[in-house]
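Structures given as C-alpha coordinates follow.
In the two assemblies presented below, chain A is common to both, partnered first by chain B and then by chain C.
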Partner chain A sequence: MNKNRPVNLNLGAFKWPITAISSGLHRITGILLFLSIPFWLWALQESFTADGFVYVKGLLSGIIAKAIAWLLLSMLAYHIVAGVRHLLMDAGIGETLEGGRRGSYTVLVLGVLSAALIGVWLW
Partner chain B sequence: MVTSATSLGRSGLHDWIIQRITAVVLAAYVIYFLGFIFSAEVIEFSVWKHLFSQVWFKVFSLLALASIVFHAWIGMWIVSTDYIKPTGIRLVFQAFVILFCFACLIWGAQILWGV
Partner chain C sequence: MKMKFSIYRYNPDTDTKPRMQDYELEVEEGSDMMVLDALLALKEQDSTLAFRRSCREGVCGSDGLNMNGKNGLACITPLSALKGNTVVIRPLPGLPVIRDLVVDMAQFYRQYEKVRPYLINNDEPPAREHLQSPEDRSKLDGLYECILCACCSTSCPSFWWNPDKFVGPSGLLQAYRFLIDSRDTETQSRLADLDDAYSVFRCRGIMNCVDVCPKGLNPTQAIGHIRSMLLKQGV
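On to the complex of A and B.
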(Lines of atoms letter the chains of each structure in order from A and count residues from 1; the text may use other names and numbers.)
(Lines give C-alpha, C1' and ligand atoms only; values in the text may rest on other atoms or scores of the structure.)
Protein backbone atom coordinates (compact mmCIF):
# COMPACT_ATOMS: atom_id res chain seq x y z
CA MET A 1 0.00 0.00 0.00
CA ASN A 2 1.32 3.43 -0.96
CA LYS A 3 1.58 5.44 2.26
CA ASN A 4 1.83 8.71 0.35
CA ARG A 5 -1.79 8.66 -0.75
CA PRO A 6 -3.34 12.09 -0.03
CA VAL A 7 -6.01 10.94 2.40
CA ASN A 8 -7.21 12.64 5.60
CA LEU A 9 -7.27 16.14 4.23
CA ASN A 10 -6.31 19.15 6.33
CA LEU A 11 -9.09 21.70 5.74
CA GLY A 12 -7.05 24.54 7.26
CA ALA A 13 -4.34 24.19 4.61
CA PHE A 14 -6.68 24.75 1.68
CA LYS A 15 -7.38 27.67 -0.54
CA TRP A 16 -11.02 28.02 -1.49
CA PRO A 17 -11.51 28.39 -5.24
CA ILE A 18 -15.13 28.34 -6.46
CA THR A 19 -14.88 24.64 -7.33
CA ALA A 20 -13.96 23.87 -3.70
CA ILE A 21 -16.86 25.96 -2.43
CA SER A 22 -19.46 24.21 -4.58
CA SER A 23 -18.02 20.80 -3.69
CA GLY A 24 -17.80 21.63 0.02
CA LEU A 25 -21.40 22.84 0.02
CA HIS A 26 -22.46 19.59 -1.65
CA ARG A 27 -20.84 17.71 1.25
CA ILE A 28 -22.16 19.98 4.01
CA THR A 29 -25.72 19.92 2.64
CA GLY A 30 -25.45 16.14 2.36
CA ILE A 31 -24.39 15.77 6.01
CA LEU A 32 -27.14 18.11 7.25
CA LEU A 33 -29.79 16.42 5.09
CA PHE A 34 -28.67 13.07 6.50
CA LEU A 35 -29.16 14.39 10.04
CA SER A 36 -32.57 15.80 9.09
CA ILE A 37 -34.05 12.40 8.09
CA PRO A 38 -35.74 11.82 11.50
CA PHE A 39 -37.45 15.22 11.31
CA TRP A 40 -38.93 14.40 7.89
CA LEU A 41 -40.04 10.99 9.13
CA TRP A 42 -41.57 12.47 12.26
CA ALA A 43 -43.53 15.05 10.22
CA LEU A 44 -44.66 12.29 7.84
CA GLN A 45 -45.79 10.11 10.73
CA GLU A 46 -47.75 12.96 12.32
CA SER A 47 -49.34 13.97 9.02
CA PHE A 48 -51.27 10.70 8.69
CA THR A 49 -53.73 11.45 11.47
CA ALA A 50 -56.25 14.27 10.99
CA ASP A 51 -55.08 16.07 14.15
CA GLY A 52 -51.41 15.55 13.34
CA PHE A 53 -51.91 16.91 9.82
CA VAL A 54 -53.40 20.12 11.23
CA TYR A 55 -50.64 20.26 13.84
CA VAL A 56 -47.78 19.96 11.32
CA LYS A 57 -49.46 22.44 8.98
CA GLY A 58 -49.87 24.82 11.92
CA LEU A 59 -46.21 24.38 12.88
CA LEU A 60 -45.20 25.34 9.36
CA SER A 61 -47.01 28.66 9.66
CA GLY A 62 -44.70 29.59 12.55
CA ILE A 63 -41.60 31.57 11.67
CA ILE A 64 -39.03 29.20 13.19
CA ALA A 65 -40.39 26.01 11.63
CA LYS A 66 -40.81 27.85 8.35
CA ALA A 67 -37.20 29.02 8.45
CA ILE A 68 -36.03 25.46 9.19
CA ALA A 69 -38.19 24.10 6.35
CA TRP A 70 -36.80 26.76 4.02
CA LEU A 71 -33.22 25.87 4.98
CA LEU A 72 -33.78 22.13 4.56
CA LEU A 73 -35.59 22.47 1.22
CA SER A 74 -32.96 24.91 -0.06
CA MET A 75 -30.19 22.51 0.94
CA LEU A 76 -32.05 19.69 -0.77
CA ALA A 77 -32.43 21.77 -3.95
CA TYR A 78 -28.72 22.64 -3.95
CA HIS A 79 -27.73 19.03 -3.29
CA ILE A 80 -29.86 17.86 -6.23
CA VAL A 81 -28.48 20.53 -8.60
CA ALA A 82 -24.90 19.70 -7.59
CA GLY A 83 -25.72 16.00 -8.00
CA VAL A 84 -27.05 16.52 -11.52
CA ARG A 85 -23.78 18.30 -12.30
CA HIS A 86 -21.93 15.19 -11.08
CA LEU A 87 -23.95 13.04 -13.47
CA LEU A 88 -23.14 15.45 -16.33
CA MET A 89 -19.44 15.23 -15.43
CA ASP A 90 -19.74 11.42 -15.42
CA ALA A 91 -20.93 11.80 -19.01
CA GLY A 92 -17.80 13.83 -19.77
CA ILE A 93 -19.46 17.25 -19.74
CA GLY A 94 -17.61 20.09 -17.99
CA GLU A 95 -14.56 18.08 -16.93
CA THR A 96 -11.91 20.63 -17.90
CA LEU A 97 -10.58 23.19 -15.40
CA GLU A 98 -12.54 25.96 -17.11
CA GLY A 99 -15.62 23.71 -17.43
CA GLY A 100 -15.34 22.86 -13.75
CA ARG A 101 -15.27 26.53 -12.78
CA ARG A 102 -18.25 27.29 -15.02
CA GLY A 103 -20.14 24.28 -13.63
CA SER A 104 -19.47 25.37 -10.04
CA TYR A 105 -20.62 28.88 -10.82
CA THR A 106 -23.80 27.60 -12.51
CA VAL A 107 -24.59 25.28 -9.62
CA LEU A 108 -24.15 28.06 -7.05
CA VAL A 109 -26.35 30.46 -9.03
CA LEU A 110 -29.05 27.80 -9.47
CA GLY A 111 -28.82 27.02 -5.75
CA VAL A 112 -29.41 30.66 -4.80
CA LEU A 113 -32.25 30.91 -7.34
CA SER A 114 -34.01 27.81 -6.04
CA ALA A 115 -33.57 28.98 -2.43
CA ALA A 116 -35.25 32.27 -3.43
CA LEU A 117 -38.09 30.41 -5.20
CA ILE A 118 -38.63 28.12 -2.21
CA GLY A 119 -38.72 31.21 0.03
CA VAL A 120 -41.36 32.85 -2.16
CA TRP A 121 -43.39 29.64 -2.18
CA LEU A 122 -43.22 29.23 1.62
CA TRP A 123 -44.03 32.87 2.46
CA MET B 1 -5.11 -1.83 -1.56
CA VAL B 2 -7.37 -0.12 0.94
CA THR B 3 -10.44 -2.23 1.57
CA SER B 4 -13.65 -0.43 2.37
CA ALA B 5 -15.16 -2.87 4.82
CA THR B 6 -17.42 -0.24 6.34
CA SER B 7 -18.72 1.17 3.10
CA LEU B 8 -21.90 -0.13 1.50
CA GLY B 9 -20.51 -1.64 -1.68
CA ARG B 10 -17.59 -4.01 -1.98
CA SER B 11 -15.56 -1.64 -4.11
CA GLY B 12 -15.34 2.00 -5.02
CA LEU B 13 -16.97 1.23 -8.36
CA HIS B 14 -19.84 -0.57 -6.64
CA ASP B 15 -20.35 2.44 -4.33
CA TRP B 16 -20.11 4.80 -7.27
CA ILE B 17 -22.88 2.99 -9.16
CA ILE B 18 -25.15 2.65 -6.12
CA GLN B 19 -24.66 6.36 -5.40
CA ARG B 20 -25.85 7.26 -8.92
CA ILE B 21 -28.79 4.84 -9.09
CA THR B 22 -30.11 6.02 -5.72
CA ALA B 23 -29.61 9.64 -6.79
CA VAL B 24 -31.76 9.09 -9.89
CA VAL B 25 -34.50 7.40 -7.85
CA LEU B 26 -34.49 10.34 -5.41
CA ALA B 27 -34.58 12.93 -8.18
CA ALA B 28 -37.57 11.09 -9.71
CA TYR B 29 -39.33 11.05 -6.33
CA VAL B 30 -38.73 14.76 -5.78
CA ILE B 31 -39.98 15.60 -9.29
CA TYR B 32 -43.14 13.52 -8.75
CA PHE B 33 -43.68 15.22 -5.40
CA LEU B 34 -43.28 18.69 -6.90
CA GLY B 35 -45.84 17.76 -9.56
CA PHE B 36 -48.24 16.54 -6.89
CA ILE B 37 -47.87 19.66 -4.75
CA PHE B 38 -48.24 22.14 -7.59
CA SER B 39 -51.13 20.32 -9.31
CA ALA B 40 -53.23 20.55 -6.12
CA GLU B 41 -54.17 24.06 -5.06
CA VAL B 42 -54.55 23.28 -1.39
CA ILE B 43 -53.34 19.97 -0.01
CA GLU B 44 -56.16 18.63 2.11
CA PHE B 45 -55.72 15.84 4.61
CA SER B 46 -57.86 13.47 2.53
CA VAL B 47 -55.82 14.08 -0.64
CA TRP B 48 -52.57 13.64 1.29
CA LYS B 49 -53.71 10.42 2.92
CA HIS B 50 -55.08 9.04 -0.33
CA LEU B 51 -51.71 9.60 -2.03
CA PHE B 52 -49.92 7.55 0.61
CA SER B 53 -52.60 4.84 0.83
CA GLN B 54 -51.98 3.66 -2.74
CA VAL B 55 -49.74 0.61 -2.82
CA TRP B 56 -47.65 1.82 -5.76
CA PHE B 57 -46.88 5.05 -3.92
CA LYS B 58 -45.98 3.16 -0.75
CA VAL B 59 -43.53 1.13 -2.81
CA PHE B 60 -42.19 4.28 -4.50
CA SER B 61 -41.82 6.01 -1.12
CA LEU B 62 -40.07 3.08 0.52
CA LEU B 63 -37.80 2.78 -2.53
CA ALA B 64 -36.99 6.47 -2.10
CA LEU B 65 -36.33 6.04 1.62
CA ALA B 66 -34.06 3.04 0.97
CA SER B 67 -32.29 5.15 -1.65
CA ILE B 68 -31.81 7.99 0.85
CA VAL B 69 -30.37 5.59 3.39
CA PHE B 70 -27.94 3.88 1.02
CA HIS B 71 -26.98 7.20 -0.58
CA ALA B 72 -26.30 8.70 2.87
CA TRP B 73 -24.40 5.61 4.00
CA ILE B 74 -21.97 5.91 1.08
CA GLY B 75 -21.78 9.70 1.32
CA MET B 76 -21.10 9.73 5.04
CA TRP B 77 -18.51 6.98 4.60
CA ILE B 78 -16.67 9.03 1.99
CA VAL B 79 -16.75 12.16 4.14
CA SER B 80 -15.63 10.31 7.28
CA THR B 81 -12.66 8.69 5.52
CA ASP B 82 -11.54 12.17 4.45
CA TYR B 83 -11.85 14.04 7.73
CA ILE B 84 -11.75 11.63 10.68
CA LYS B 85 -8.16 10.53 11.15
CA PRO B 86 -8.16 8.22 14.22
CA THR B 87 -9.33 4.78 13.08
CA GLY B 88 -11.23 4.02 16.28
CA ILE B 89 -13.29 7.21 16.20
CA ARG B 90 -13.93 6.80 12.49
CA LEU B 91 -15.18 3.23 12.95
CA VAL B 92 -17.46 4.27 15.80
CA PHE B 93 -18.78 7.11 13.65
CA GLN B 94 -19.37 4.80 10.68
CA ALA B 95 -21.09 2.25 12.92
CA PHE B 96 -23.35 5.01 14.23
CA VAL B 97 -24.18 6.07 10.66
CA ILE B 98 -25.07 2.51 9.67
CA LEU B 99 -27.29 1.96 12.72
CA PHE B 100 -28.93 5.35 12.13
CA CYS B 101 -29.62 4.36 8.51
CA PHE B 102 -31.20 1.04 9.47
CA ALA B 103 -33.26 2.66 12.24
CA CYS B 104 -34.62 5.27 9.80
CA LEU B 105 -35.41 2.62 7.21
CA ILE B 106 -37.30 0.43 9.68
CA TRP B 107 -39.15 3.37 11.22
CA GLY B 108 -40.03 4.70 7.75
CA ALA B 109 -41.31 1.31 6.59
CA GLN B 110 -43.53 1.14 9.66
CA ILE B 111 -44.86 4.67 8.98
CA LEU B 112 -45.51 4.02 5.29
CA TRP B 113 -47.22 0.67 5.82
CA GLY B 114 -49.21 1.96 8.76
CA VAL B 115 -51.25 4.27 6.53
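On to the complex of A and C.
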Protein backbone atom coordinates (compact mmCIF):
# COMPACT_ATOMS: atom_id res chain seq x y z
CA MET A 1 0.00 0.00 0.00
CA ASN A 2 1.20 3.46 -0.90
CA LYS A 3 1.58 5.43 2.34
CA ASN A 4 2.43 8.72 0.64
CA ARG A 5 -0.90 10.41 0.24
CA PRO A 6 -1.20 12.69 -2.76
CA VAL A 7 -2.63 16.20 -2.41
CA ASN A 8 -5.02 17.69 -4.93
CA LEU A 9 -3.47 21.09 -5.50
CA ASN A 10 -3.73 21.78 -9.21
CA LEU A 11 -3.94 25.56 -9.30
CA GLY A 12 -4.92 25.49 -12.96
CA ALA A 13 -7.96 23.32 -12.17
CA PHE A 14 -9.09 25.72 -9.45
CA LYS A 15 -11.68 28.37 -10.23
CA TRP A 16 -10.50 31.75 -8.97
CA PRO A 17 -13.14 34.32 -8.05
CA ILE A 18 -12.51 37.96 -9.00
CA THR A 19 -11.55 38.78 -5.40
CA ALA A 20 -8.73 36.23 -5.60
CA ILE A 21 -7.55 37.62 -8.93
CA SER A 22 -7.35 41.20 -7.65
CA SER A 23 -5.63 40.08 -4.45
CA GLY A 24 -3.19 37.81 -6.31
CA LEU A 25 -2.29 40.58 -8.77
CA HIS A 26 -1.62 42.87 -5.81
CA ARG A 27 0.82 40.30 -4.48
CA ILE A 28 2.50 39.61 -7.84
CA THR A 29 2.88 43.31 -8.70
CA GLY A 30 4.30 43.89 -5.23
CA ILE A 31 7.01 41.26 -5.72
CA LEU A 32 7.94 42.52 -9.20
CA LEU A 33 8.04 46.14 -8.00
CA PHE A 34 10.24 45.14 -5.09
CA LEU A 35 12.63 43.39 -7.50
CA SER A 36 12.74 46.52 -9.68
CA ILE A 37 13.84 48.77 -6.80
CA PRO A 38 17.61 48.31 -7.46
CA PHE A 39 17.15 49.50 -11.04
CA TRP A 40 15.19 52.61 -10.03
CA LEU A 41 17.70 53.47 -7.29
CA TRP A 42 20.54 53.04 -9.75
CA ALA A 43 18.76 55.21 -12.34
CA LEU A 44 18.11 57.87 -9.67
CA GLN A 45 21.74 57.93 -8.58
CA GLU A 46 22.98 58.09 -12.18
CA SER A 47 20.68 60.94 -13.03
CA PHE A 48 22.09 63.20 -10.28
CA THR A 49 24.93 64.18 -12.64
CA ALA A 50 24.23 65.98 -15.92
CA ASP A 51 25.97 63.29 -18.03
CA GLY A 52 24.28 60.53 -16.13
CA PHE A 53 20.88 62.16 -16.59
CA VAL A 54 21.35 62.25 -20.36
CA TYR A 55 22.55 58.64 -20.29
CA VAL A 56 19.54 57.37 -18.29
CA LYS A 57 17.21 59.42 -20.47
CA GLY A 58 18.65 57.83 -23.58
CA LEU A 59 18.40 54.41 -22.01
CA LEU A 60 14.74 54.86 -21.17
CA SER A 61 13.71 56.24 -24.57
CA GLY A 62 14.26 52.92 -26.34
CA ILE A 63 10.98 51.20 -27.20
CA ILE A 64 11.64 48.10 -25.07
CA ALA A 65 12.90 50.09 -22.09
CA LYS A 66 9.91 52.37 -22.38
CA ALA A 67 7.55 49.40 -22.50
CA ILE A 68 9.16 47.95 -19.37
CA ALA A 69 8.93 51.32 -17.62
CA TRP A 70 5.27 51.54 -18.63
CA LEU A 71 4.63 48.05 -17.28
CA LEU A 72 6.34 48.83 -13.98
CA LEU A 73 4.56 52.16 -13.55
CA SER A 74 1.21 50.52 -14.38
CA MET A 75 1.95 47.83 -11.82
CA LEU A 76 2.81 50.53 -9.27
CA ALA A 77 -0.49 52.30 -9.95
CA TYR A 78 -2.43 49.04 -9.60
CA HIS A 79 -0.50 48.07 -6.48
CA ILE A 80 -1.38 51.40 -4.83
CA VAL A 81 -5.08 51.20 -5.71
CA ALA A 82 -5.38 47.55 -4.64
CA GLY A 83 -3.40 48.34 -1.49
CA VAL A 84 -5.85 51.09 -0.57
CA ARG A 85 -8.68 48.59 -1.07
CA HIS A 86 -7.01 46.17 1.33
CA LEU A 87 -6.63 49.01 3.86
CA LEU A 88 -10.32 49.82 3.50
CA MET A 89 -11.11 46.13 4.03
CA ASP A 90 -9.01 46.21 7.19
CA ALA A 91 -11.28 49.05 8.31
CA GLY A 92 -14.28 46.81 7.66
CA ILE A 93 -15.33 48.31 4.31
CA GLY A 94 -16.11 45.96 1.42
CA GLU A 95 -15.86 42.72 3.38
CA THR A 96 -19.15 41.23 2.22
CA LEU A 97 -19.29 38.90 -0.79
CA GLU A 98 -20.93 41.59 -2.91
CA GLY A 99 -18.75 44.35 -1.48
CA GLY A 100 -15.62 42.30 -2.12
CA ARG A 101 -16.62 41.64 -5.72
CA ARG A 102 -17.45 45.30 -6.32
CA GLY A 103 -14.17 46.39 -4.74
CA SER A 104 -12.14 43.95 -6.84
CA TYR A 105 -13.91 45.00 -10.01
CA THR A 106 -13.36 48.70 -9.23
CA VAL A 107 -9.68 48.14 -8.49
CA LEU A 108 -9.14 46.20 -11.74
CA VAL A 109 -10.92 48.86 -13.82
CA LEU A 110 -8.91 51.62 -12.14
CA GLY A 111 -5.73 49.62 -12.81
CA VAL A 112 -6.48 49.37 -16.53
CA LEU A 113 -7.45 53.05 -16.67
CA SER A 114 -4.24 54.19 -14.99
CA ALA A 115 -2.20 51.93 -17.27
CA ALA A 116 -3.83 53.64 -20.25
CA LEU A 117 -3.19 57.11 -18.79
CA ILE A 118 0.44 56.27 -18.04
CA GLY A 119 0.77 55.02 -21.63
CA VAL A 120 -0.58 58.33 -22.99
CA TRP A 121 1.80 60.25 -20.73
CA LEU A 122 4.85 58.21 -21.79
CA TRP A 123 4.20 58.34 -25.54
CA MET B 1 -29.17 13.39 -22.32
CA LYS B 2 -25.70 12.00 -21.74
CA MET B 3 -23.54 13.91 -19.26
CA LYS B 4 -19.79 13.51 -19.03
CA PHE B 5 -17.91 13.37 -15.77
CA SER B 6 -14.20 13.46 -15.12
CA ILE B 7 -13.44 12.23 -11.63
CA TYR B 8 -10.24 12.21 -9.58
CA ARG B 9 -9.30 8.63 -8.76
CA TYR B 10 -6.65 7.34 -6.41
CA ASN B 11 -6.45 3.94 -4.78
CA PRO B 12 -3.55 3.67 -2.31
CA ASP B 13 -3.42 -0.12 -2.78
CA THR B 14 -2.87 -0.09 -6.53
CA ASP B 15 -1.97 3.45 -7.66
CA THR B 16 1.28 5.33 -7.22
CA LYS B 17 -0.31 8.60 -8.28
CA PRO B 18 -3.81 9.96 -8.85
CA ARG B 19 -5.50 9.98 -12.27
CA MET B 20 -8.65 11.38 -13.81
CA GLN B 21 -11.27 8.86 -14.95
CA ASP B 22 -14.07 9.63 -17.40
CA TYR B 23 -17.66 8.54 -16.84
CA GLU B 24 -20.91 9.01 -18.69
CA LEU B 25 -24.32 9.24 -17.11
CA GLU B 26 -27.76 9.28 -18.69
CA VAL B 27 -29.61 12.23 -17.20
CA GLU B 28 -33.27 12.63 -18.00
CA GLU B 29 -33.96 15.67 -20.18
CA GLY B 30 -35.26 18.63 -18.18
CA SER B 31 -34.50 16.96 -14.88
CA ASP B 32 -31.96 18.47 -12.53
CA MET B 33 -30.21 16.30 -10.03
CA MET B 34 -27.68 17.16 -7.37
CA VAL B 35 -24.04 16.24 -7.91
CA LEU B 36 -24.32 13.78 -5.02
CA ASP B 37 -27.17 11.93 -6.77
CA ALA B 38 -25.04 11.77 -9.91
CA LEU B 39 -22.12 10.39 -7.89
CA LEU B 40 -24.38 7.74 -6.33
CA ALA B 41 -25.58 6.75 -9.82
CA LEU B 42 -21.97 6.56 -11.02
CA LYS B 43 -21.11 4.39 -8.03
CA GLU B 44 -23.67 1.89 -9.35
CA GLN B 45 -21.66 1.75 -12.58
CA ASP B 46 -18.36 1.54 -10.75
CA SER B 47 -18.56 0.40 -7.15
CA THR B 48 -14.88 1.21 -6.51
CA LEU B 49 -15.58 4.96 -6.55
CA ALA B 50 -15.20 6.31 -3.00
CA PHE B 51 -16.63 9.51 -1.53
CA ARG B 52 -18.14 10.65 1.76
CA ARG B 53 -21.78 11.56 2.23
CA SER B 54 -24.35 11.34 4.95
CA CYS B 55 -27.37 13.61 5.39
CA ARG B 56 -27.69 14.54 1.66
CA GLU B 57 -29.23 17.92 2.53
CA GLY B 58 -26.37 20.28 3.32
CA VAL B 59 -26.42 19.86 7.08
CA CYS B 60 -23.73 17.33 7.94
CA GLY B 61 -20.91 18.76 5.82
CA SER B 62 -19.51 15.39 4.74
CA ASP B 63 -19.53 15.78 0.98
CA GLY B 64 -17.40 18.86 0.47
CA LEU B 65 -15.84 18.47 -3.00
CA ASN B 66 -14.18 20.54 -5.68
CA MET B 67 -16.66 20.66 -8.57
CA ASN B 68 -15.55 22.35 -11.80
CA GLY B 69 -12.85 24.09 -9.79
CA LYS B 70 -15.08 25.41 -7.02
CA ASN B 71 -15.52 23.92 -3.57
CA GLY B 72 -19.04 23.13 -2.42
CA LEU B 73 -21.33 20.46 -1.03
CA ALA B 74 -22.22 17.85 -3.65
CA CYS B 75 -25.67 17.29 -2.10
CA ILE B 76 -26.87 20.87 -2.59
CA THR B 77 -25.06 21.70 -5.84
CA PRO B 78 -27.36 21.02 -8.83
CA LEU B 79 -25.75 19.78 -12.05
CA SER B 80 -27.29 22.79 -13.80
CA ALA B 81 -25.12 25.09 -11.68
CA LEU B 82 -21.98 23.58 -13.23
CA LYS B 83 -21.21 25.00 -16.64
CA GLY B 84 -19.40 23.20 -19.43
CA ASN B 85 -19.71 19.84 -21.18
CA THR B 86 -17.82 17.84 -18.60
CA VAL B 87 -18.29 17.99 -14.85
CA VAL B 88 -14.87 17.74 -13.24
CA ILE B 89 -14.94 16.44 -9.68
CA ARG B 90 -11.84 16.53 -7.52
CA PRO B 91 -11.28 16.15 -3.76
CA LEU B 92 -11.01 19.26 -1.57
CA PRO B 93 -7.68 20.92 -2.44
CA GLY B 94 -4.70 20.98 -0.10
CA LEU B 95 -5.56 18.04 2.14
CA PRO B 96 -3.96 14.57 1.80
CA VAL B 97 -6.12 12.20 -0.26
CA ILE B 98 -6.94 8.90 1.43
CA ARG B 99 -8.78 7.49 -1.57
CA ASP B 100 -10.57 9.00 -4.59
CA LEU B 101 -12.62 11.93 -3.22
CA VAL B 102 -12.03 11.16 0.45
CA VAL B 103 -9.52 13.47 2.14
CA ASP B 104 -7.76 13.31 5.50
CA MET B 105 -9.29 16.17 7.53
CA ALA B 106 -6.85 15.87 10.48
CA GLN B 107 -5.05 19.15 9.75
CA PHE B 108 -8.36 20.94 9.48
CA TYR B 109 -9.66 19.53 12.77
CA ARG B 110 -6.37 20.31 14.54
CA GLN B 111 -6.86 24.00 13.72
CA TYR B 112 -10.45 23.78 14.92
CA GLU B 113 -9.31 22.24 18.19
CA LYS B 114 -6.77 25.05 18.66
CA VAL B 115 -9.43 27.76 18.99
CA ARG B 116 -11.10 25.97 21.92
CA PRO B 117 -14.50 25.77 20.18
CA TYR B 118 -16.62 25.56 23.30
CA LEU B 119 -18.03 28.01 25.80
CA ILE B 120 -15.76 28.75 28.75
CA ASN B 121 -17.23 30.56 31.73
CA ASN B 122 -15.19 30.69 34.91
CA ASP B 123 -17.73 32.66 36.95
CA GLU B 124 -19.80 31.11 39.70
CA PRO B 125 -22.41 28.93 37.97
CA PRO B 126 -25.75 30.76 38.01
CA ALA B 127 -28.75 29.16 39.72
CA ARG B 128 -30.40 28.22 36.45
CA GLU B 129 -28.60 29.24 33.26
CA HIS B 130 -26.38 31.88 31.65
CA LEU B 131 -28.87 34.38 30.29
CA GLN B 132 -28.22 36.29 27.12
CA SER B 133 -30.10 39.30 25.74
CA PRO B 134 -31.60 38.96 22.26
CA GLU B 135 -29.09 41.60 21.07
CA ASP B 136 -26.13 39.59 22.37
CA ARG B 137 -27.60 36.40 20.96
CA SER B 138 -27.97 37.98 17.52
CA LYS B 139 -24.19 38.58 17.44
CA LEU B 140 -23.79 34.83 16.95
CA ASP B 141 -25.87 34.82 13.77
CA GLY B 142 -23.74 34.10 10.72
CA LEU B 143 -21.21 32.33 12.95
CA TYR B 144 -22.90 29.42 14.70
CA GLU B 145 -24.24 27.98 11.42
CA CYS B 146 -20.83 26.63 10.34
CA ILE B 147 -21.00 22.88 9.66
CA LEU B 148 -17.22 22.30 9.38
CA CYS B 149 -17.37 21.01 5.81
CA ALA B 150 -13.90 22.52 5.15
CA CYS B 151 -14.95 24.03 1.80
CA CYS B 152 -13.60 27.44 2.92
CA SER B 153 -10.29 26.43 4.48
CA THR B 154 -9.42 24.16 1.56
CA SER B 155 -10.07 26.99 -0.91
CA CYS B 156 -7.74 29.32 0.98
CA PRO B 157 -4.18 29.70 -0.43
CA SER B 158 -2.92 30.86 2.98
CA PHE B 159 -4.20 27.58 4.45
CA TRP B 160 -2.69 25.54 1.57
CA TRP B 161 0.79 26.90 2.27
CA ASN B 162 0.55 26.88 6.10
CA PRO B 163 -2.05 24.32 7.19
CA ASP B 164 -0.13 23.81 10.44
CA LYS B 165 0.22 27.47 11.44
CA PHE B 166 -2.66 29.43 9.91
CA VAL B 167 -5.92 28.64 11.70
CA GLY B 168 -7.83 29.10 8.45
CA PRO B 169 -11.22 30.68 7.68
CA SER B 170 -13.34 27.98 9.32
CA GLY B 171 -11.37 27.89 12.57
CA LEU B 172 -11.27 31.68 12.76
CA LEU B 173 -15.01 31.99 12.18
CA GLN B 174 -15.45 29.61 15.12
CA ALA B 175 -12.89 31.55 17.17
CA TYR B 176 -14.88 34.74 16.66
CA ARG B 177 -18.11 32.93 17.49
CA PHE B 178 -16.77 32.40 21.04
CA LEU B 179 -14.90 35.71 21.27
CA ILE B 180 -18.16 37.61 20.72
CA ASP B 181 -20.31 35.37 22.94
CA SER B 182 -21.41 37.47 25.94
CA ARG B 183 -21.42 34.36 28.16
CA ASP B 184 -17.77 33.50 27.51
CA THR B 185 -15.24 34.82 30.04
CA GLU B 186 -12.05 33.76 28.27
CA THR B 187 -12.00 36.56 25.68
CA GLN B 188 -8.56 37.82 26.75
CA SER B 189 -6.81 34.46 26.69
CA ARG B 190 -8.52 33.54 23.42
CA LEU B 191 -7.17 36.74 21.85
CA ALA B 192 -3.73 36.09 23.32
CA ASP B 193 -3.72 32.63 21.68
CA LEU B 194 -4.32 34.22 18.28
CA ASP B 195 -1.88 37.10 18.68
CA ASP B 196 0.97 35.98 16.40
CA ALA B 197 2.06 36.43 12.80
CA TYR B 198 0.33 33.32 11.45
CA SER B 199 -2.89 32.42 13.27
CA VAL B 200 -4.99 35.37 12.09
CA PHE B 201 -2.70 37.61 10.10
CA ARG B 202 -1.95 35.13 7.31
CA CYS B 203 -5.36 36.05 5.94
CA ARG B 204 -4.73 38.16 2.84
CA GLY B 205 -8.30 39.07 2.03
CA ILE B 206 -8.45 36.77 -1.00
CA MET B 207 -12.05 35.95 -0.06
CA ASN B 208 -12.16 32.49 -1.67
CA CYS B 209 -13.75 31.36 1.63
CA VAL B 210 -16.70 33.74 1.28
CA ASP B 211 -17.07 32.79 -2.37
CA VAL B 212 -17.46 29.06 -1.66
CA CYS B 213 -19.22 28.83 1.75
CA PRO B 214 -22.30 26.64 1.15
CA LYS B 215 -24.00 28.21 4.17
CA GLY B 216 -23.39 31.77 2.95
CA LEU B 217 -21.18 32.68 5.91
CA ASN B 218 -18.41 35.26 5.85
CA PRO B 219 -15.11 34.20 7.45
CA THR B 220 -13.30 37.26 6.01
CA GLN B 221 -15.54 39.54 8.04
CA ALA B 222 -15.11 37.44 11.20
CA ILE B 223 -11.33 37.60 10.74
CA GLY B 224 -11.62 41.38 10.34
CA HIS B 225 -13.50 41.57 13.64
CA ILE B 226 -10.83 39.49 15.40
CA ARG B 227 -8.15 41.84 14.05
CA SER B 228 -10.09 44.84 15.34
CA MET B 229 -10.37 43.20 18.76
CA LEU B 230 -6.61 42.52 18.78
CA LEU B 231 -5.97 46.11 17.73
CA LYS B 232 -8.22 47.58 20.41
CA GLN B 233 -6.54 45.41 22.99
CA GLY B 234 -3.11 46.52 21.76
CA VAL B 235 -3.64 50.28 21.99
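Just so it is clear, the second predicted complex is superposed on the first by the 110 of 123 C-alpha atoms of A that agree within 3 Å, B and C clash if a C-alpha of one lies under 4 Å from a C-alpha of the other, contacts with A are read in each partner's own complex, and residues count from 1 in each chain.
Assume a residue touches a chain if its C-beta (ideal position, glycine included) is under 8 Å from a C-beta of that chain, and two chains touch if they have at least 3 such contacts.
Owing to the predicted nature of the structure, the values given are computational and were not obtained by experimental measurement.
Undergrad: Determine, under the contact definition given at the top, whether A:D90 touches first (chain B), second (chain C), both, or neither.
TA: Both: A:D90 reaches chain B and chain C.
Undergrad: Using the touch definition from the top, say if A:R27 reaches chain B (first), chain C (second), both or neither.
TA: A:R27 contacts both chain B and chain C.
Undergrad: Taking the superposition as given, does A:G100 touch the first partner, chain B, the second, chain C, both, or neither?
TA: It touches chain C, and chain B stays clear.
Undergrad: What is the contact status of A:A50 with respect to chain B (first) and chain C (second): first, second, both, or neither?
TA: In the superposition, A:A50 contacts chain B only.
Undergrad: After the superposition on A, what does A:L117 contact: first (chain B), second (chain C), both or neither?
TA: neither
Undergrad: Based on the superposed arrangement, let me know which partner A:A67 touches: chain B (first), chain C (second), both, or neither?
TA: A:A67 contacts neither chain B nor chain C.
Undergrad: Is A:L41 touching anything from chain B or chain C once the two structures are fitted on A? First, second, both or neither.
TA: first
Undergrad: Taking the stated contact definition, name every residue in chain A that is touched by chain B in one complex and by chain C in the other, in rising order.
TA: The overlap between the chain B and chain C interfaces on chain A comprises residues 1, 5, 7-9, 27, 86, 90.
Undergrad: Of all residues in chain A, which touch chain B in the complex?
TA: Of all residues in chain A, those touching chain B are 1, 5, 7-9, 11, 27, 30-31, 33-34, 37-38, 41, 44-45, 47-48, 50, 53-54, 76, 80, 83-84, 86-87, 90.
Undergrad: Which part of chain A faces chain C closely enough to touch in the complex?
TA: 1-3, 5-10, 13-17, 19-20, 23-24, 27, 86, 89-90, 92, 95-97, 100
Undergrad: In the complex of these two chains, what residues of chain B are touching chain A?
TA: That would be residues 1-2, 20, 23-24, 26-27, 30, 45, 48-49, 52, 68-69, 72, 75-76, 79, 81-83, 85, 97, 100, 104, 107-108, 111, 114-115 of chain B.
Undergrad: Spell out the part of chain C that touches chain A in their complex, as residue ranges.
TA: Interface residues on chain C, with respect to chain A: 8, 10, 12-13, 15-18, 66, 68-70, 88, 90-98, 103-104, 155, 157, 160, 204-208, 210-211, 218, 220-221, 224, 227-228.
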